[in-house]
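The same chain A turns up in both complexes below, where it pairs with chain B and then with chain C.
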Partner chain A sequence: MYADVRVSLPGERSSWLSLLRPRLVISVLVIAALFIWPLLFNEPFAYYVGTMLSLYSIGAVSVHLIIRTGHVSMCQAAFMGVASYSSVLAVMSLGLPWIIAALLGIVASVLLGIIVAPIFLRLAGKYFVLVTFLFGEIIRMVFVEWTSVTGGANGISNIPPPFEAVGSKFAYYYFALVIALCCIFMSARLLRSEIGQTLDAIREDERLAACSGIPVLRFKVIIFAIACALAGVEGVVQAHYVRYLEPQSFGVIASLNLVVMNVIGGMYSLVGPLLGAAFVGILPELLRQYVHLQHILFGVFLIVAMAALPGGLVEAASRMADLVKKTFRGRSNGRHA
Partner chain B sequence: MTSLTIWAQVFVNGLALSAIYILIALGFTLLFGIMRVVNFAHGEFAMLGGFSLYYLYGKLNIPWVAAVPLAALLVAAVSLVLERLVFQWFYQRMFQSMIGLMGLSMVLMFSSLLVWDAYERNVPSPFSSIIEVGDVVLPTDRLVVIVVAAIALLLFYLFMHYSRYGLSMRAAAIDLEVAQAQGIETTRIYKLAFFIAIFMTALAGGLYTQTYVLSPLVGERPLMIAFIVVVLGGMGSIPGAALGGLILGFVESFLGTFYGAAVSAFVSFGVVLALIIFRPWGLLGKPE
Partner chain C sequence: MAVMLEVRSLEKRFDGLRAVNELSFDVNEGEVLGIVGPNGAGKTTAINLISGTIAPTAGRVFYRGEDITGMAPHVLVQRGIVRTFQATTVYRTRTVFENVWRGAFLQNFPGFWSAFLSTKAAHERRAQCEIWVKEVLGWLNLTAVADLQAGSLPYGIQKTLGLAIAVAARPTLIMLDEPVAGLSAEESERVREAILNIKKRGITIITIDHNMRFMSGLCDRILVMHHGQELAIGAPREVLSNPAVVEAYLGKGYVAA
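Right, the complex of A and B next:
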């Protein structure tokens, strides 16, 4: 649970480097693999899955940042939707180039976040979940009812790609991958820094953190705004990839999926939502015939995780690693296992 | 149609909606008040009640008066399995219950989709006639819904106020530890409360789907209704659920008839949002 916090004492400068190294190596290998495999396999469908995984991970990290402050937000998909619709309308109705439209979309999402965050974040955890749940529904209803702007339940179709160069699935995979990696790196740096430690302090004991001089509400609002920006990034990149917008993809089930990714993977470390996103993204492809089965499995996972294993896969993995270590330590000491 | 007829129909519609809503909300608030569990899967139990009625009345042709309570009994009895498997891990753990039961809601909804497919069905209504009272024309099925729901609510009230188990449940809701110290067996009370809550929800679900439409996706609406009513009236407060149900039923009937369903939905959501922010304990609840 404390895996992301590394406290270094003065004079111990080199030790944190050595602690970091195996993780660094693994990360570099994984990233290299992510860049290389499309060159080895020519599978447009795999590029599609890979692109969606990159996008899901951005959304999952968005929810993750808020979870690290101790709140579970059920409306991040709604912020995604706000950014998507804004950028698509900017491109199709105002004729703006994608970069500007995307920025507009992200700004729209962040603005909305800054407006509602100070109100919502004052509430205790259980009320926050309810409020974000309702808010997400309200935003979705706005998408459905405001037909003149959003096209209503039928949505908007024939959205153009961002640039000519990324028109193909192959190119878009790298586009999305690079953007996702930037977001993940930024978040990782954020969480490893003092800000990240402050977040953990707020989550563990809010009143103690406040007594230590941390402006709790301000912190939470800023993190919420960053999370909305991330959701906005996923929204603008996804809309121009799928090229079709409909309100249903920004409703409660979409938000719940992002939460599921966090819960399955592990809520308290950044690797969790990434693992969860991979899980949630790949599972439907393995269960092609039985699409409904995936949701049933997610539901079961949610139940089991909430009842017994809040740390998700990451906690399960670390518990297994502890178990293995204990067994080996026992043997080498000559004790009976 | 005279204006009196329109008002009378809006009134009767409002009363029928209120009755159904109160039943749904009572189940929800029982689970919250006694077990501190936020049942996000509540709508799915209503939906299952609808399917149960569909099969008992529509396919097996059991007379309607018997089919309605039997359908609810069936759902409640089968759900006791879920109580042991799922719900018991979340008692007194509100936050975990929210997300865990969201998971249960997904499991129930998509399992139902697997079994029954997404297309909409109609639960046949035994009452397609109308009643004329003077100038006013009223649909019989709404009146019957009001009567059935009123009977259920009356029985519930009598149970909660005059039976040993009802009093135990209320004691457990007020202060669990003191109730346990008085010798009240919480496991049994929990099971009983769960059974009653699901019974009422399934009953309401049967009536609701008979009035509107039946499909595995139909559970979302009763969940929203339960939320709105319970937050309005105060989470954990039974008279609050009754008051909230009345308010929502009439507001929806009125707004829905004169301004359309969208306005009605926005208003109810907006009011509930504002309530949670400024007065989370609702109209009749207690600030925690």
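Right, the complex of A and C next:
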């Protein structure tokens, strides 16, 4: 006879009662709030911040997928740039509709990813970080130097919106939110499936994973390509929102920001980069009233958050949830006693 | 008995050092072949070469007639060749069940799209794999600790779990690198039973160890390596009384059991 082993397997079907899981309830409430608040407040600046948060989330999730394979990429903004420039040039020079141009941009980003990933992903730890850092800088230099196509350091301005319907900040907020939610949902599905479980095995012990039959490099390359696709999505949506492209937006600082979002939020749960994106996106806006100290204060907050919460905001949330559970249990035990 | 694995003139050089030098031997279907030798004799390197962990400088390895020299470890697993490692290698933060589940990757992974879309085929595969994992846990007496975290278990059980992860891949040939290193007599006995249990299921085994009592009680044949080469090969009693083996490895005070 076998013991009753209770282990959650990927994609396990559950009863309707399990729909009341706290995580799902919180997700539904957060999504509902994200859809409802713009209807209640007429704040174009808040719409702008909200749109950027949706876009940051896509980029942060892109880096998160690579982190789940055990690598920290310092060049995701470069892939974003490749998609942005490709899409904008396809719209402005070739006159293609945005949707086709956006797909071309994303494909360009993925193709570049597929070319470099098998080389980069053979490297481990600091070597991977260093190589991706240098690659990001090379791509940025291409944007700067290839003046005839990219406009060089001056960039490209007057980029049209994707469609007339999303021409306002209010409409673009919903446009970006829906795209971000699709990306997040697909990433969540990926990570909850056997694919996510395999990625965790690779990250935790690559040698053992290979000796269980897992084609480690192939898995990593596929995930890297998906991450490049997500970076591409952020790039094509952001370029037509900001309506201005410049190489600096796709440099190492932009890539580092996406990594910081993961570190602040928590590296090994999909919720982590989302919380991190919110933190990194909102905090500078809250500090705007202290213009002179804004960057210093932002840096101090980041250092304090990282030092105090090595597991990120996810860890803090989980500790609070445990505390609440214990308090409730204590009270109900007290009542029964 | 039919020959399962043929190792022919295998060689590995690390700069000037020949860790494995012109090594040739056969492994028969269903047997337990032990590899012994002093430290630095090239035992682990030989296993690394056969399992594709490192590429040989020269020589070939044939598995059931197919040349498998230099194939990647995950490809060899598809052929039915699996190995364990000298240091205890388990996913420490995962439960015993999850560890074995991961070992059964070829059984549980339904393909990229099927996994992503969580298709009916993926569900069926998952259900079948769950039965298989429970079966492996039962074989190796790990059912009682199935939902405990691997890192919290005693060293001996972690070693057995390492075996279970390997067995979960449904191998036909397992290579074990020092399965009882650092274990007490009682724990060694538990691992020996587990290995014999695996053998009973028709799985061929190559094992490395220094514990001669353990090896002579377990192996059908023993290969003694010295300076990367074969010093002797044969039945345990015959090999252990070989004067060259006594001189180079066992020492003159050794008395065969």
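One rule holds for everything that comes next: the second predicted complex is superposed on the first by the 277 of 337 C-alpha atoms of A that agree within 3 Å, B and C clash if a C-alpha of one lies under 4 Å from a C-alpha of the other, contacts with A are read in each partner's own complex, and residues count from 1 in each chain.
Everything below uses one rule, namely that a contact is a pair of C-beta atoms (placed from the backbone, for glycine too) under 8 Å apart; a residue touches a chain by one contact, two chains touch by 3 or more.
This one's a predicted model, so the numbers in the text were calculated from it and none came from an experiment.
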- Query: After lining up the shared chain so the two structures overlap, which partner does A:P44 touch, if you call chain B first and chain C second: first, second, both or neither?
  - Reply: neither
- With the two complexes superposed on chain A, say which partner A:I138 touches: chain B (first), chain C (second), both, or neither. first
- Task: Answer with first, second, both or neither: which of chain B and chain C does A:G167 touch in the superposed model?
- Result: neither
- Message: Output check: A:I296 vs chain B and chain C. Expected answer is one of first, second, both, neither. What do you get?
- Response: first
- Of the partners chain B and chain C, which touch A:A308 in the superposed model: first, second, both, neither? first
- Task: Could you tell me if A:P97 is touching chain B, chain C, both of them or neither one (first, second, both, neither)?
- Result: neither
- Counting only touches as set out at the top, which of chain B and chain C does A:P118 meet: first, second, both, neither? neither
- Once bound in the complex, which stretches of chain A touch chain C? 2-3, 5-7, 9-13, 189-190, 193-195, 197-198, 201, 204-205, 207-216, 222
- Item | chain B - residues contacting chain A, complex | 38, 86, 89-90, 94-111, 113-114, 224, 227, 231, 262, 265-266, 269-270, 272-273, 276-277, 280
- Query: Mind pulling up the chain C residues that touch chain A in the complex?
  - Reply: 51, 53, 72-74, 77-78, 82-85, 89-91, 93-95, 97-98, 101-106, 108-110, 112, 115-116, 118, 122-123, 126, 130, 134, 137-138, 143-144, 146-147, 165-166, 168-169
- Item | In the complex with chain B, residue positions of chain A that touch it | 72, 119-120, 123, 125-127, 129-131, 134-135, 137-138, 141, 145, 256, 259-260, 263, 290, 292-293, 295-296, 298-303, 305-308, 310
